[in-house]
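Below, each structure is written out as C-alpha cells.
Next come two complexes built around chain A: one with chain B, the other with chain C.
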Partner chain A sequence: MRFILRRLGFYLIAFWASITLNFLLPRFMPGDPVSRMFARTQGKMQPEQIEALRKMLGVDTRPLWEQYVDYMHNILTGQMGVSISRFPTPVTEVIASQIGWTLLLGGTALVFAAIIGNLLGILAAWRRGGAIDSALPPLLIFIGSFPYFWLAMGALYLFGVVLGWFPIRHAFTDGLEPAFTWEFIGDVGAHLVLPALTIVLVSIGGWMLGMRNTMIATNAEDYITMAEAKGLRPGRIMLRYAARNAMLPSVTSFGMSLGFVVGGAMLTEVVFAYPGVGYQLLNAVQGLDYPLMQGLFLTITAAVLLANFLVDILYVRLDPRVRSN
Partner chain B sequence: MTTAILKQPTEPTAARKPNRSFVHGLITNKKALVGMIVMLVFIALALLAPVLFPGDPSRITAMASLEPSPEHWLGTTAKGQDVLALTVHGSRSSLFVGLTVGFASTFIGILVGLASAYFGKFIDEALSLVTNVFLLLPGLPLLVILAAFLPPGLGTVILVLVVTGWAGSARVLRSQALSIRSKDFVAAAVVSGERAGRIMFREILPNMASIVMGTLLGCVIYGIGAQAGLEFLGLGDVSTVSWGNNLFWAGNEGALLTGSWWVFVPSGVCIALVAFALALINYAVDEVTNPRLRKIKTPKNTERSAGK
Partner chain C sequence: MTQPRFLRSARIAAAGLAVGAMLLTGCAATVNKSAGTDAGANANAFLTIPREDMSTFDRNFNPFAPTVNPMVQQAIYEPLMVFNPAKGNTVPWLGASWDAAKDGKSVTFTLREGVKWSDGQPFVADDVAYTFQLQKKLKGGFEYLDSVTPSGTDKVTFTFNKPWSPALYEIGQLPIIPKHIWSSIADPAKDTNANPVGTGPYTQVDSFQSQSFVLKKNPNYWQPDKQKIAGIKMLAMSGNDAANLASVNGDVDWSTQFIPNIEKTFIAKDKDHRHFWFPPTGAMINWQLNTSKAPFNDATVRKALSMAVDRDQVTKIGMSGYATPADCTGLSGNYASWKNADVANNCTWTKLNVDEANKMLDAAGYPKGADGKRTLKDGKPFEFKISVGASSSDWLSVANVISQNLQAIGVTAKVDSPDWASVVSSYEQGTFDTGIVWSANDPSPFKYFSSTMGTSTVKPVGAKATENYHRFGDPKADDLLQQFAAAGDEAAQKQIASQLQAEYNAVAPTVPLFSGPEWGDYTDVHFTGWPTQDNPYATLSDRSPTTVLVLTTLEPRK
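Take a look at the complex of A and B:
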C-alpha cells in the first residue's frame, strides 16, 4: 500500500510538472507566438473568447502567480479553451473524438509486439546459439535502426500503392457510417494492418533482446537445474520456471511502452493520416492552434501517467518483494 | 543492462588492465569492427562532402524526377536536385546534431548521475525525481510542443533533443555510480579527505567507462533518429540539408506517390546504417564487458552448463 501511495504521489508531481511546463512555455518563449496566432484568427472569434484564450496563453497583465492559480483551476476543471483550427469546437471535444483511434492503433501494435517479441526472446535464450538466437537479433536490430516513419512510408508505398493490398490513409473508408457492423469493423481492421504492422516491426527487437538477456540470467539459476534434475518436461521448465521469472522487466517496459502507444504512434499516424491524437497534434502545431496543442499534450501525459500507475498496481500483484517492503 | 552492472570489474587496481583488454576485445569483436568501419566511412563522407560535391547541394542541376543514371547515380528529386549530393551533404548535419546531442545528454547524465550517487540523501531524491519525471513525459509530443514554441533553427533542434534525451542516461549512470559509490576504495578516498569533485570524476567515473560509452552510443542513436523524426514532421530547420529534411521534402513532394523511390530510399538507409553501426558497437561493448552475453563457441555441449 505504501508503495502504491508513493507512486501515486510521484505521478501527481509529474502531472503537475507537465501542467506547469504548459503554463510557462507560452509565457517565456521569445517571439510571442500567441500574438501570431491571434493575428491569424482576426475576426473569426467573439471578443470574450479571445479574452479567455489570451488569459490562458499568458497575454495578460496580472501578476504571474494569479495567472498560475487561474490556469491550474481551469485545467483541473477540464476547461482547456476552444480549438482555433476547428473553431468553435472545445479542445476537450476534439481530443475525445480522436483518442480512441490512437488507443486502438497503439494498443493493437503494442500487444502484438510484446507477445511475439517476448516469445521469440524466450526461445532464443532457451536455445542459445540456435537458429532464432543467431539470425533474428541482428536482423531485428537492423530493422529497428530504420527511422520509424521511413519504414511506415516504405510499407505504405509497397503494400498500399504498388501492390494495393491495403488502404493507405485514414482509419476507415470515407462515407462509411461508424457502427457496430461487420462491414465497418472489417474496414477498420483493414485500415489498421499497415500502421500497426510497421510499429510491431520496429519495436519487436527491443522486446526480444530484453527478454533474451533476462532469460539467460534466469536460466543460470539453481532452481532451473533443480527442475531439470526432477525430470520436468523442457517446455514446462522454459515457460513456467524460467520465462515466468524473467517476465518482470518486460512488465516494466510494457508500462513504459504504454506511453509510447499514445505519444509514439504520432509518426505513424502522420504517415498514414490516421486520425489519432498524434496526427491532430501535428495539425495543431501547423495551424498554430496553441490551445489544442496544450490540451493534447496534457491528455497524452495524463494517459501515460495513468497507464504507468496501472502497471505499478499490477507489479504489486506480480512481485511479492514489492509487497513486503 | 542490469546484468552488465553486476559484472563490472570493481577493484581500483584492476582498472588499468581491463581497459586494455576492453579495447582489445572491441577490436577483435566482429560486431564492433563492422560497426566502426561503417561509422568511419560515414564520417569520412561527411568531412569530404564539400570536396566531392562542391557548391550548394540543393541547387537545381537537372530535369525533375530523373531515375538513377550514370550522371546522377541516385537520380534527381521532383525539383531537379541531385539526390546523391543531398544525401552526402545531409550526413554533415545529421552526424553533427547526433554527436552533439549524444555528447551533451551523456554529459548531463554523468553530472546528474554522479551527483545523485555521491551526495545521496536529499540531493539524490530531488535529482531522481526530476529524472523520473522527464523519463515519464512522453518524448515525441514533448519534442513537438517545445519545437513549436521555440524559434526554428538548428540550435533549437539540438536544445530540444537534449532536454528530452538526457534523463535516460542519467538513470542508467546513477545506478551504476551507486554500486561503485558503496565500494571500499571510495570510502577510503572520502576518509583521506579528497574533494567531492575529485572523487566523482577521478575515482568513480573511470570505473564506469564502459557504461558511459554504451550510454553515449545510445544517445547518439537517439539524437540522429529523433532529429530525423522532428524534421520529417517539418519542425526542424527546413533550410539545412540533412537526412531528415531530405525525407521531409520527399514526403512533401509526393515522391512515393509518383513512384520516385530513389529520392526516398538513400537518406533512410543512411540513417539506418549509422544507427545500426552504433548499435553494433554498443552490443559489442556489452558483450566484452558482460561475459554472460558472450558468444558460446561450442553451442552443442556447453550450451546448458556454461552459465552454471
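Take a look at the complex of A and C:
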C-alpha cells in the first residue's frame, strides 16, 4: 500500500510539471493565433479586423502568471475552453469527436503488435537458431526501419488501389450511418485493416526482439532446468515458466505505448485520411490554438500517467519482489 | 492451454475498443435519421469534392467563424455580386443592379426580386443592412462604412465617411445572412448554425459526419432551373496526398489541391474525361526585400537583383511550369483588365539580364572583389537570407533557384526555411532580410498597390505589420491611391491604376516573380458544363466567390 501511495505522490508531481510545460511551451512559440490566421488567408482579411477577431476569439493578453492561475483553475474544474482554429466548437467536443477513432486505431494496432510480437519472441527464444529465430528478427527490423510514410503509401497503393481489397480512406464508407449493425461494424473493420496493419508491421519487430532477448536470459535460469528435469511438457515450461517471467519488460512498454495511443498516429491519419486527434494536434500547433493544444496535451499526459500508474499497480501483482520491498 | 485464453481476452478487448469508439463518435451523427437510406443509391448523383486542408468537419455552418466550413460562403449564403477574375467581369447576383455615386461616397444596390430564403421567407433589404451591422460587430473591418440604409424592401444604400471606391467589391462580395434568423440568436459569434438558412442553391445539410457531409437542394431557390445537380458531397482529407489519391482514383469530381505532374498522374488515366485549367488569376507572388534595411532601400539594388532572377527557370522548376512569369506592372493575371500596356510592353528590370545587373551594381557602389563576391558600401559581404516556410516545397525551390541565379552577380543568398510561423513572425516584425511572399488579390488593384507601396500601410520595424511586410512607402503612390479611392467610375480608376503601374515600374517596391495559378481539375464523367479556357465563366476554384457560378451551371451527364 505504501508503495502505491508513494507512486501516487510521484505521479501528482509529474502531472503538475507536465501541465505547466503544456502551458508554457506553446506560449514560447512566435506569433499569436490571430496573426497566424491572418497570414494563412494571405491578404484576404482586412487589417482592421485583427482587433475584433482577437476579441471574438477571446485571445488572452493578460500577463502570463494571471493566465497560468486561470489555466490551472480551468484544468482542475475540467473547463478546456473553446478551440480557436475550430471556433466556436468547444475543445472537449473537438477531442471527443475524434478520440474514439484514435483509440480504435491505436488500440487495435497496439494489441495486435504486442500479442503477435511477444508470441513470436517467445517462440524464437524457445527454438533458438530455428527458422523463426533466424529469419524473422532481421526481416521485421528491416520493415520497421522503413520510413513509415513510404510503407503506408506502398500498402495503400498495392492493397487499396491496385488490388482493391481494402477501402482507401476514412473510417467507414461515406454516407453510411453509424449504428450497431453487422454491416456497419464490418465496414469499420474493413477500413481499419490497412492503417492498423501498417502500424503493426513497423512496431512488431521491437516487441519481438524485446521478448526474445529477455526470454533467452530467462531460459538459462535454474528453475527452467529444474522444470525440464521434472519432465514437464515443453509447452508448459515455455509459457508458464519462461515466458511468464520474461514478460515484465513487455508489460512496462505495453503500458507506455497504451498511454501514447491517445496522442494519435499522425502519419497514418494523413495517409489513410483516417479521422483522429493526431492531425488535429498538428493543426493546433500550427495555428497556435492554445486551448486545443492544452486540451490535447492534457489528454495525452493524463493517459500516459494513468497507463503507467496502472502498470505500476499491475507490477505489484506480477512481481513479488516489488511487494516485499 | 494459456495461449487460447490469452487470445480470447485480447479479442474481447479489441471488440470493446471498437464499441467504445462508435459510442464516442456515433453520438454526434444520429441527428439526421433520413440519411444513409438513399445515400448509397445516389452516390454518383452528388458532386463530390475533397477538402485537403480539413482533416475533419465540425457541424459549424456559421459564416462568421474564422475558419468557415466549406461551401458555407459558396453554396449556402450568397453575395450581392460575383466578380469573375477569369474574364474580368462582374455578375449581378442578389443585387440586380447598383449605382455608385460620382463623389465615391455612397453606393446603392437594387435587390433582385423574388429571392427567398431556404425557409420560405422573402429576402429583403433589411437582411442586407443587418448583415453588415453584424459583420462589423463580430469581425470588424468596413471602417469606412458610415451607414447602411434600407429603403423599401428592394433598395439599400451604403454611405461612406470618405470617398472610397474600392468599397464596391468589398460590400458586393460579402455573403448575406437572414435577419429573421440571426436577430434571435443570443450569441451569433458562438452559434454553430447547425441547420443554416440561406439563399444559396444548396443549403440543406444532410448525412453529416466528421469525415464527410452532403448539401442538398434549397427547396426555395430563386433559380430552380439552375439546380441541376442533386447535391454536393464534401470529403475531409488530411493533406494533399489523400486528396490526390482520391482525384487520381476518380472518386471525386472536382479538386483544387496541387497535383504534381498532373498530365501524367491525373489526366493520362482518362484523357477523354479528365481536364485541368490553371488560369494565372491567383495572387502575384513576390520576392520581398526588406526596404528598411540596406542595401534593399536602394531601388537600383532591387532592380539589379530582379534582373538576375531567371523567371522562366523559377516558374519551370519551382512551379512545374504552371505559373506565368511577372512583368514590371507588378500585377498578376487577376488584374489583366487593369494592365497598362505601355508599361507592360517596355519592361527592363523584370527580364533576365545578368550583364546589366552587374553593371548597375558596379555603378551603384557595390564592388566585386577578387573572389567574385560583392561587398556592401560598408565593406561587409553582400549576403542575406531568403526566408520561406519549410512546408511550402514549391516556394522553397523558387528560393533555391533565385539563390543560384544570384551567384552570377556575386551576391550570396542563403535559403532559410524554418516553420512558416516563425517566418511570418519575422515578416510581421520587419526583422527578415528577404522572403517569398503572397500579395493582395482583390477585384480592384487598390489594396494591392496600397499594401505594396502606400505609406499608410508601413509600420516601423518592431511594430507588428499585417501587410506591406517589406515596409515600403512612396508619397507619389499615396497621391495616386487617394485619387483612386475618390474616383467614382471604373474608367477613371483604370486611368489612375495605369499611373500606379508606371510608378511601380519606376520605384520597384518588390521583386514580382509570377502570377500564382488558380489550381483546378475535374472529371466530366458525372457532370458537364465546367468552366474552361474557352468558356471562362468562372475559375475552377471551389472556395472563392465564383464557385456559386459553377454550382449553378453544372448538370449531370445525360
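The rule we apply is simple: the second predicted complex is superposed on the first by the 277 of 325 C-alpha atoms of A that agree within 3 Å, B and C clash if a C-alpha of one lies under 4 Å from a C-alpha of the other, contacts with A are read in each partner's own complex, and residues count from 1 in each chain.
Definition applied: a contact is a pair of C-beta atoms (placed from the backbone, for glycine too) under 8 Å apart; a residue touches a chain by one contact, two chains touch by 3 or more.
A quick note: this is a predicted structure, and the numbers were derived from the prediction, not measured.
Visitor: Could you tell me if A:Tyr71 is touching chain B, chain C, both of them or neither one (first, second, both, neither)?
Guide: neither
Visitor: Per the contact definition in the header, classify A:Tyr241: touching chain B only (first), chain C only (second), both, or neither.
Guide: neither
Visitor: Answer with first, second, both or neither: which of chain B and chain C does A:Trp207 touch in the superposed model?
Guide: The answer is neither, since A:Trp207 touches no partner chain.
Visitor: Check the residue A:Met153 against both partner chains and state whether it touches chain B (first), chain C (second), both, or neither.
Guide: Both partners.
Visitor: On the A-aligned overlay, A:Ala171 touches which partner chain: chain B = first, chain C = second, or both, or neither?
Guide: A:Ala171 contacts chain C only, not chain B.
Visitor: Contact-wise, after the overlay, does A:Asn308 reach chain B, chain C, both or neither (first, second, both, neither)?
Guide: It touches chain B, and chain C stays clear.
Visitor: Give one of first, second, both or neither to describe whether A:Val188 is in contact with chain B, with chain C, with both, or with none.
Guide: After superposition on chain A, A:Val188 lies in contact with chain C alone.
Visitor: If we overlay the two complexes on their shared chain A, which of chain B and chain C does A:Pro26 touch? Say first, second, both or neither.
Guide: After superposition on chain A, A:Pro26 lies in contact with chain B alone.
Visitor: If you stack the two complexes on chain A, which partner ends up touching A:Thr225: first (chain B), second (chain C), both, or neither?
Guide: A:Thr225 sits against chain B, while chain C stays out of touch.
Visitor: Once the two complexes are aligned on chain A, which partner has more residues of chain A within touching range, chain B or chain C?
Guide: If we count touched residues of chain A for both partners, the winner is C.
Visitor: Where on chain A do the contacts with chain B and the contacts with chain C coincide?
Guide: On chain A, the residues that contact chain B in one structure and chain C in the other are 29-31, 153, 156, 161, 270, 286.
Visitor: Show me the residue ranges of chain A that touch chain B in the complex, using the header's touch definition.
Guide: Per the stated touch rule, the residues are 10-11, 13-14, 17-18, 22, 25-26, 29-31, 33, 127-130, 141-142, 144-150, 153-154, 156-157, 161, 213, 216-217, 219-220, 225, 228, 249, 259-260, 262-264, 266-267, 270, 278, 281-282, 285-286, 293-294, 296-297, 300-301, 304-305, 308.
Visitor: Mind pulling up the chain A residues that touch chain C in the complex?
Guide: Residues in contact with chain C: 29-31, 35-39, 42-53, 56-57, 82, 84-89, 93-94, 96-101, 103-104, 107-108, 111-112, 115, 119, 153, 156, 161, 168-172, 174-180, 184-185, 188-189, 235-236, 239-240, 269-273, 275-276, 279-280, 283, 286, 288.
Visitor: In their shared complex, at which residues does chain B touch chain A?
Guide: Residue list for chain B touching chain A: 2-3, 129, 132-133, 136-142, 144-151, 221, 225, 228-229, 232-235, 244, 247, 251, 256-257, 259, 261, 264, 268-269, 271-273, 275-276, 279-280, 283, 292-293, 295-296, 299, 303-304, 306-308.
Visitor: Over in the complex, which chain C residues touch chain A? Could you list them?
Guide: On the chain C side, the touching residues are 1-3, 6-7, 10, 13-14, 17-26, 28-30, 35-36, 39-40, 43, 55-56, 58, 60, 62, 65-67, 138-143, 189-192, 207, 209-212, 214, 233, 235-239, 241-242, 245-246, 249, 283, 419-422, 424-428, 438-441, 447, 451, 457, 464, 466-467.
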